[in-house]
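Both complexes shown next keep chain A, but they swap its partner, so chain B is in the first and chain C is in the second.
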Partner chain A sequence: MSEPVIRAENIVKKYGDFVAVDGISFEVQRGESFGLLGPNGAGKSTTMKMIAAVSTRTSGNLEVLGMDPNTDGPAIRSQLGVVPQEDNLDQELRVRENLITYGRFFGMSHAAVAKRADELLEFAQLTDRAKSKVEPLSGGMKRRLTIARSLMNDPQMLLLDEPTTGLDPQARHILWDRLFRLKEQGTTLVLTTHYMDEAEQLSDRIIVVDKGAIMAEGSPAQLIRQYSSKEVLEVRYGSDKNKTVAKSIADIGERQEILPDRILIYSDNGERDLAVITNRGHHPTTSLVRRSSLEDVFLRLTGRTLVE
Partner chain B sequence: MTAEVRVSAAIAPKRRFGGMSGGNARAVIERGLRATMSNNYLVILSGFFEPVFYLFSMGIGLGGIIGAIDVDGASVPYGAYIAPALLAVSAMNGAIYDSTWNVFFKLNFGKLYQTMLLTSLGPLDVAIGEITLALLRGGVYAVGFLIVMQTMGLVLSPLAILAIPAVILIAAGFASIGMAFTSYLKTFQQMDWLPMVMLPMFLFSATFFPITVYPEAIQIMVQCFPLWHGVELIRMLTTGVVTSMIWVHIGYYLVMLGVGVVVVSRRLRALFLG
Partner chain C sequence: MKNVADIKADAEKPRRWGWWYVAELRLREMRGYVSYVVTSSFGNPLMYLLALGIGLANLIPQGIEGVPFLVFVAPALLMSTILTVGAEEGMYPVLSGFKWHKVFFAIHATPITPGQIVGGFLVHLTIRFAFTAGVFFGFLVAFGAVPFASGWLMIPIAILGAFSILTPLGAYAARLEDDTGQFALIQRLVVMPMFLFSGTFFPLSDVPDWLEWVGWVSPLWHATQLGRTVSYGAIEPIWLSATHLLILVAYAVIGGYFMHRSFVARLTR
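And then the complex of A and B:
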């Protein structure tokens, strides 16, 4: 019923001869949590920049909140929250001041920014660090402050570029929890990531991007069903032997990927296949049976792993 | 889906200059003042003392030997001759420092402008805000220096009060050109070009002696440089010896400011909205 908040038709971004984004089309609905998954250099960040109206597209149609980012940058950005890939907090200001000045950039009143800053310090679990300088904060705290900052203007849509890259597992989980709350409140989330677990945790729908083009689209579960098997058996024989062993077990499972460090066997029953392999006398040094993930989807689609 | 979350608190700005401006340069200025308050107000003070030291040394020291200098037929004591020039120089220094070193840092390391352009600000807001900050600093130096001049008896005309807006104009011209220059720099080393331009301007722009000592060709060259116009403008106001050339001096700075603002906002657009 409602208009999509983002409508991208065949958008292209070229830097000189280099094509960063090569004709991507997608739509994002209000309240949806939408992920762009792909390796570094796939064109995710460039796509985000075009949505955030900080990069002008070379061609194609793009509508964000019903406006054209090429001409209505300030108006679009007034409704967006943007969490860039690298923390660009204002080192010359204290924690709370960072929020205050950012709110003022949106033309909010002094009273409104003060109230909002205190709420968001609470939300980001940084109330006790309000007067601290930015520099000594931990990576996770800086990220939370960056997210709090992006929420100063009560954005309709939050854009997150690699939100948890470089954080330790605990900090990631705190962050995911905060983002999940926003999602529950109905904020539209658009995120890029090269972590499949992050995409699975946070996205309702994903597009898999590689070399500037869309490879697949769907919910994490759909993508896994469509492009991978139920289970994956990973066996390792040591880097020299993987290839030789692979030849004699090539008939096992629905499909195999032979990586330099391991063999992945896609199957509906990993334990059974592992038994078959060992019965043939190929005892792996290590083995693992796991559920299929988006990593496997990506490998299937591109022949490459996400994190290289 | 609560209304509280959905309605953005930000005021959606009208479309201005094709998305170049959010009409909120004030917030950029406010941020600069806040950062200055909590960090580097001592650096700001240091810029004030440089011309004061020159004034004490040259004005009192050399002034005792030189006596008076002829300005368009009027005899002006040496101290009163160089003081307005030093005032123009301090406006230049303050504006250039802010618009080059500070801007270079914010541009390349602090990523401050990238952050600003994630909000409803446009490149024009950033340019105008940062230039205003630089000239505020020039203005503060000017007022301080005028007070020193007044106490030393070097203010010869009530017109001197107009030196304050004049200094702000000079600062604005230098700040906008300085920021435009900085937007093209890639490394700190390139900043070394700055003294190569600033020092000769400081020494030869009728700062310490009239340019009539030079051959005609060199005089014309000096008159092309911005500082000479600034020095002459301020000197007219503090000595009270005003000629119609004042409009040329003012015009020079207005053009400088206009060109600077256009170049800076274009460069910021290319750098951050490319």
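And then the complex of A and C:
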């Protein structure tokens, strides 16, 4: 196996007394799509900043592309593409100018940035908006422009921090499609997200992070297999009744989670268990049988939901 | 995968030229407000010269310091205009790069270092100040308020003066989380008194003793005195002129050092 592109050993980041990242370790291989999944405030973005060589770690060892971000920040950054959580496009410039000026920061010639900008406008489906100002673009367009900007230097690794937060479903799917194409081309992707479907769609391997520490690691399928059941039956009886009913159906399924708004029953056959519940006379207001997701994994590991 | 030596070779060009790429970006951004820069560059001197040079000067026919009032006030007008722009550029554009548009974070995600961001910012402003001061100087020459031969030195003095106020303010603005009126206060309690009590319209010696310190701490007074010296000759001992220069350089360099530190702290936390 080749050298990992990221090797993190017990990295810690403290802000005064607050420990944002508490000794996490992981490796990312070249061409891999690696996700950090966790709720807001879990330490994902801080970890990402340390990888992106813009935030100095408090302790631990970190190597990115064989170099230490604390000492070789500019060299590491020359090989990265970064999509930050909040858009930081230059509002004073037009769409195409945003790409051109950004490419210059990597030492690209005027001719090279012009050619690359046109290719990436095509990739981001923004060619017809090349001369537009940034401000009137939709949220999805701004994200696509930010992704196009991050690709100006043909990066070895793309870092995406919550890439689709705040986008509507259609814009998310367009973005996922673009990112999936990059993944197919062999670009190493490292992304943070608190959306389980995003993590499942885009990641080959995931670490689940909470309160600055790693709770679990594996592929989405492995994690689901290890920490959840095949199916999940969700039943709702109304917020006052869920707890009461739960006592009478406690023996059904492999395990249960009683949330304020619903009861989750982890099972290998949700429909069968729903029939058992109904036969006992507990007719739920609504019910749903679905396959297990990373949300269930997270709930199992932390006792909390991702969007709590 | 590229090896470390190849990667470092890739990063060599931005390591050398990063400051210029940042200046290039800001010059391109300036296209969006170039009409403001040009209009204010031409409008400001014209208004000042008409109001003070032709209007107020008539009330002081004897002149000041042995020269006509217009000649006395001309260096101060140029300096105060450029230093005021310097103060403005050290506040909102700096905080905006961190807080509202976050452009500094975008730049720092590339091989560009915080020092190069500060460097490019200052290089762009050198060009901008040189343009505005150059236009102002042209008007002063046209109105016969300064001699061309030695007076052009007022342009670099004005740029230095602008940096002497810009960099300390930039250091402060880069540490601010939000503007909750601090900039307006600085305008009213720092920039405006500096304009009024720095020997701009009358010699500092005419200011009451208890207010003279404002002139001494004010970059504007030091820049203005230097401007007067290069415009109509030695008005004070050479050691005092050297002191003016030293104080301006000290403000600009120490301010620049702290501005750099503020940028590093904000961009790498």
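Please note the rule applied: the second predicted complex is superposed on the first by the 308 of 308 C-alpha atoms of A that agree within 3 Å, B and C clash if a C-alpha of one lies under 4 Å from a C-alpha of the other, contacts with A are read in each partner's own complex, and residues count from 1 in each chain.
The working rule: a residue touches a chain if its C-beta (ideal position, glycine included) is under 8 Å from a C-beta of that chain, and two chains touch if they have at least 3 such contacts.
Quick caveat, the model's predicted, so the values are computed rather than measured.
Enquirer: Clash or fit: what happens to chain B and chain C when chain A is overlaid?
Expert: Chain B and chain C clash in the superposed model.
Enquirer: Just to be sure I read the superposition right, which of the two partners does A:D177 touch: chain B = first, chain C = second, or both, or neither?
Expert: So A:D177 meets neither chain B nor chain C here.
Enquirer: After the superposition on A, what does A:D268 contact: first (chain B), second (chain C), both or neither?
Expert: After superposition on chain A, A:D268 lies in contact with neither partner.
Enquirer: Is A:P155 contacted by the first partner chain B, the second partner chain C, both or neither?
Expert: The answer is first: A:P155 touches chain B but not chain C.
Enquirer: What is the contact status of A:T71 with respect to chain B (first) and chain C (second): first, second, both, or neither?
Expert: First partner only.
Enquirer: After the superposition on A, what does A:P84 contact: first (chain B), second (chain C), both or neither?
Expert: Both: A:P84 reaches chain B and chain C.
Enquirer: Thinking of the overlay built on chain A, is A:D168 touched by chain B (first), by chain C (second), by both, or by neither?
Expert: In the superposed model, A:D168 contacts neither chain B nor chain C.
Enquirer: Please indicate which partner A:G186 is in contact with in the superposed arrangement: first for chain B, second for chain C, both, or neither.
Expert: Touch status of A:G186: first partner only.
Enquirer: Is A:T56 contacted by the first partner chain B, the second partner chain C, both or neither?
Expert: After superposing on A, A:T56 lies in contact with both chain B and chain C.
Enquirer: A:V5 in the overlay: touching chain B, chain C, both, or neither? Say first, second, both or neither.
Expert: The answer is second: A:V5 touches chain C but not chain B.
Enquirer: Across the two complexes, what residues of chain A are contacted by chain B and by chain C?
Expert: Of chain A, residues 52, 54-56, 72-75, 77-80, 82, 84, 86, 88-93, 97, 101-102, 104-107, 153, 156 contact chain B in one complex and chain C in the other.
Enquirer: Can you tell me which positions in chain A touch chain C when the two form their complex?
Expert: It comes out as residues 2-3, 5, 15, 30, 52, 54-56, 65-67, 72-80, 82, 84, 86, 88-93, 97, 101-102, 104-107, 149, 153, 156.
Enquirer: Going by the contact rule at the top, pick out the chain C residues touching chain A in the complex.
Expert: 1-4, 7-8, 10-15, 17-18, 21-22, 24-25, 28-29, 32, 101-103, 105-113, 267-269
Enquirer: Contact residues on chain B for chain A in the complex?
Expert: Listed in rising order, the residues of chain B that touch chain A are 1-2, 4-16, 18-19, 21-24, 27-28, 30-31, 34-35, 38-39, 110-112, 114-122, 272-274.
Enquirer: Can you check the complex and tell me which residues of chain A touch chain B?
Expert: For chain A paired with chain B, touching residues are 31, 52-56, 70-75, 77-80, 82, 84, 86, 88-94, 97, 101-108, 112, 116, 150, 152-156, 185-187.
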